[in-house]
Amino acid sequence: MEYFIQQLLNGLTLGSIYGLVAIGYTMVYGIIGMINFAHGDIFMLGGFAALIVFLVLTSFIAGVPVALALLIMMVVAMLVTSLWNWTIERVAYRPLRGSFRLAPLITAIGMSIVLSNFIQVTQGPRNKPIPPLVNDVFHFGEVTVSLKQLVIVLVTAVLLTIFWYIVNKTPLGRAQRATEQDRKMAALLGVDVDRTISITFIMGASLAAVAGTMYLMYYGVASFADGFIPGVKAFTAAVLGGIGSLPGAVLGGLLIGLIESLWSAYFSIAYKDVATFAILAFVLIFKPTGILGRPEVEKV
Amino acid sequence: MTSGNTTMTRDTILKVEHLSMRFGGLMAINDLSLEARRGEITALIGPNGAGKTTVFNCITGFYKPTMGMITMNRRNGEQHLLERLSDFEITKKAKVARTFQNIRLFSGLTVLENLLVAQHNKLMKASGYTIMGLLGLGSYKREAEGSIELARQWLEKADLIDRADDPAGDLPYGAQRRLEIARAMCTGPELLCLDEPAAGLNPKESLALNTLLNSIRDETGTSILLIEHDMSVVMEISDHVVVLEYGQKISDGTPDHVKNDPKVIAAYLGVDDDELEDVIHEELDGGSH
Amino acid sequence: MPNTNSTAKETAPGVMAQAVKEGLLAGVLAFGMFLLYVGVETYQNIDNALVWRMRWGLLAIFVAIAAIGRFLVVGFVKPHIDRRKLAKAKAGIPEVSDEKGFFHRHFLKIALIFLVLYPPIIVSLNGVQGSLKYVDNFGIQILIYVMLAWGLNVVVGLAGLLDLGYVAFYAVGAYSYALLSDTFGLSFWLLLPLAGILAAFWGIILGFPVLRLRGDYLAIVTLAFGEIIRLVLMNWTEVTGGTAGISGVAKASIFGIWSFDVGADNNFAKVFGLPMSSAYYKIFLFYVILALCLITAYVTIKLRSMPIGRAWEALREDEIACRSLGIDTVKTKLTAFAIGAMFGGFAGSFFAARQGFVSPESFVFLESAVILAIVVLGGMGSLTGIAIAAVVMIGGTELLREMEFLKHVFGEDFTPELYRMLLFGLAMVAVMLFKPRGFVGSREPTAFLKERKAVSGSFTKEGHG
């Protein structure tokens, strides 16, 4: 039982990270109907930004408090990735809006290749390790909870609350939802569609940057190739939860995290990703719109 | 028409019995029964939201009805229960073809290719499900030429022969409508279902459409079931009109009969309150018909 | 974008001011973007600890390129393009692609003759041993991608089904050949069709449950299947050799008559009294893959004008209309999937015979992405366009390996290969931005009454699945 709870906790932690990244996928998909393949690499960029900030910071100020360091890492990573995602949307996606549907998908895949190779070229192909930031652990009987797990879950929860508030309660969120429903009509009603889409990309990138920072803190390494697998899993999470649905993305992320950790614990680590993908396939085959997705009515 | 065991007259091609379709809490069609006779043009009319297109989608298999029975009588005596067939089988086996309210052409294929796609099943068989055709065996070549010939005939009827090699998406609106009908006819249907064929047409195009529909009925013996808003089209070409309102049938008969049915007038024109009372009185006085 | 300079009437100083402003903005933006990643170099020191140092010079170059680039685009390139567009509009020349029927046909013939003569030309220029690089790295490598992209074209370009896991079938073909030739000692010529059939079979098995999914759902499930197959190959060590893969895969022979095994009595070079070289094998393989490509092209062209091919294209245009015409869309999709998979399987078994080695490394998602990119960049459905895209993208990146002179420019430790995929990605983005419909955007109709007129890309749809 303790073992199970332990795995549940691990899964929850991992799932929080996937959920944060998944929101970026689901928002962009919701608003412009495009799979933003480069989003996983934005997550990777976020991790790298945090890593570099950490290095610079610790070399200037020796005894910087960990909480403060994490906060600075997170904020800088958010700023930098937002800048990147905003620029990418401007340069590579916006000119193709309303054109051939596969064109932005291809540029997104191209961007993904560019980003990971850019980091490989500028920062080198090897894994970048950092010393552990947060070491404290708490014991509850047999169950061990590390402080970093708590931080991850807590930060995720706080961010999701803020995020939920923005999307549901602010004019910006209203503009986003309107653009999602009907872009042309929203534009006619005075919503600045381009700006709304840009902000969506910025929001997605910020959440991915936080996830990247958390990932770095959790595992202690960053690599240029880290964008792909977590990216695909986060996208899987978004689809599993019902693409276009924000609670769905979080739910999907948590589920993927749980499946992964429970499968590794009870069956085989080697096949954990197979399990994730197989479950995705099953869900989609039997409930093609995901768990919380709106059923797609076929208009004849 | 109250029970399903009424003997089916020889000339009934399509019989809809107690059809209901529910979407969540909305009853789009409620216990609807109607018949279409062979060789006739039957029109299904009604105000917006009356459920006409839903009836069509049930007949052509795009929706599965919640309840009810839809029987198609083929010329060769075969009977098909349409609610049990999937959409493509309805065209393939029961020989019911349809068009769409929002035209659905293969816009990147040429006009001719559109008509060839419609002859898919016949050609597949002739090409030995591709394998024989790939090897150049069997009757594929002859059949392929025949299919082009059939397409040519329909292009001439629909007055599209000059545009045969242009992309379908390049045609003007009225021509697209006619092409969609010609394409449906190339599947060799016995019943042709047209969803608002005259919508958006100018008077000249509308006239051309009437001619096309009349020639389909008279020359090929294909029965037609159509949804239409344009009363001039309905009254001019239909042999039989069924009126729907709120998913229920409110009138059924010849164009003249329907035109003068006060219920229809009320449903269509909307009436002032006192007028409505008159209508209701008339209705009550008129008793049952 | 706050560009108000789209009209040519605007005075040059206005444009210049705008250009300076946007150039500066781009510089600031680039500074923010590149400060951390380019400006800071992280490396491990002697104690294996991660440390950093600044690279101001490199950062300055990046920022300068961004600023000057933007300045030039806004100040000169854009006004120039606008002027030309305006002039064109005034002259009333419609932007229709020229009739190229005659040249088109000629071009294909010339290309084919060139391909057939390619190995002898290379051998006569560089000698037998020297031809190895050109025949293998350029010729065979490009042709493999041509074949894969033509195979995927059936699924994506014709049937409009977005398949992001195509590499799975390539893997099935490669492993089928490697395992079956290893275990049963069967020959390449027997296993080639078998690998294709097995891949097609897998295509049907994987396709059957997922083909009723639409659009992006199909894309993600195919991606998932592709990854599942790769992960199974990677972890099922007893059979597939795991990450180490299978080495020593048997070579193909010239129909069993002559062999390319060094020790064999009927070794090609021995029989003909030629000096030993692996180049003969590569030249032979070049013709094999060329033949396979031609078969793929022939079958695709043939199928397109048959009912099944037309149904594929109709499916891409409008699935609902297809069903209303009595077409069994599930079966139609499955055949597209199976045939696409079959070509992938052929290519896979060829790949295994060429490399003599297979491992999961060769079948990562990136490969699927590259193949898909070639299909889309070429212009969906157009065999010529796809072949051009494969030559440009694969040949271009291979060419980069050869650019030794760059070392003289950038210094000795410059390795052009590192930039290969970076440039590949940039090229993907650039081509899409300038030609969203790919190199060949129009489509050739499969039947005609009076004259064959190409259908402009603006009418064709890209499918929903």
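By written order: A, B and C. Residues from 1 in each chain.
By our rule, a residue touches a chain if its C-beta (ideal position, glycine included) is under 8 Å from a C-beta of that chain, and two chains touch if they have at least 3 such contacts.
As the structure is a prediction and not an experimental result, all values here were calculated from the model.
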{"item": "Dominant chain pairing [most C-beta pairs in contact]", "value": "A-C"}
{"item": "Chain located farthest away, centre of chain C as origin (C-alpha)", "value": "B"}
{"item": "Inter-chain centre distance, chain A versus chain C - centres from mean C-alpha coordinates, in Å", "value": "29"}
{"item": "Separation of mean Cα positions, chain B and chain A [Å, integer]", "value": "49"}
{"item": "Mean-CA-position distance for chain C and chain B (Å)", "value": "46"}
{"item": "Multi-partner residues of chain C (each touching 2 or more other chains)", "value": "320"}
{"item": "For chain A, residues that touch 2 or more chains besides their own", "value": "298, 300"}
{"item": "Sequence positions of chain B contacting 2 or more other chains", "value": "62, 100"}
{"item": "Interface residues, chain C side, partner chain B - complex", "value": "299, 302-303, 306-308, 310-311, 313-314, 316-318, 320-329, 335, 443, 445-453, 455-456, 459-461"}
{"item": "Complex interface listing, chain B residues touching chain C", "value": "60, 62, 87-92, 97-100, 104-110, 112-113, 116-121, 123-124, 127, 130, 133-134, 140, 148, 152, 155, 161, 164-170, 183-184, 187"}
{"item": "Chain A partner contacts - residues on chain C that touch it in the complex", "value": "1, 29, 32-33, 35-38, 40-44, 50-52, 156, 162, 209-210, 212-214, 216-217, 219-221, 223-225, 227-228, 231-232, 235, 320, 365-366, 369, 372-373, 376-377, 380, 418-419, 421-422, 424-429, 432-433, 436-437, 462"}
{"item": "For the chain A and chain C complex, residues of the former touching the latter", "value": "29, 35, 45, 48-49, 51-53, 55-56, 59, 76, 79-80, 83-84, 87, 90-92, 95-96, 99-107, 109-114, 117-124, 126, 128-130, 228, 232, 235-236, 239, 243, 270-271, 273-274, 277-278, 280-281, 284-285, 288, 296, 298, 300"}
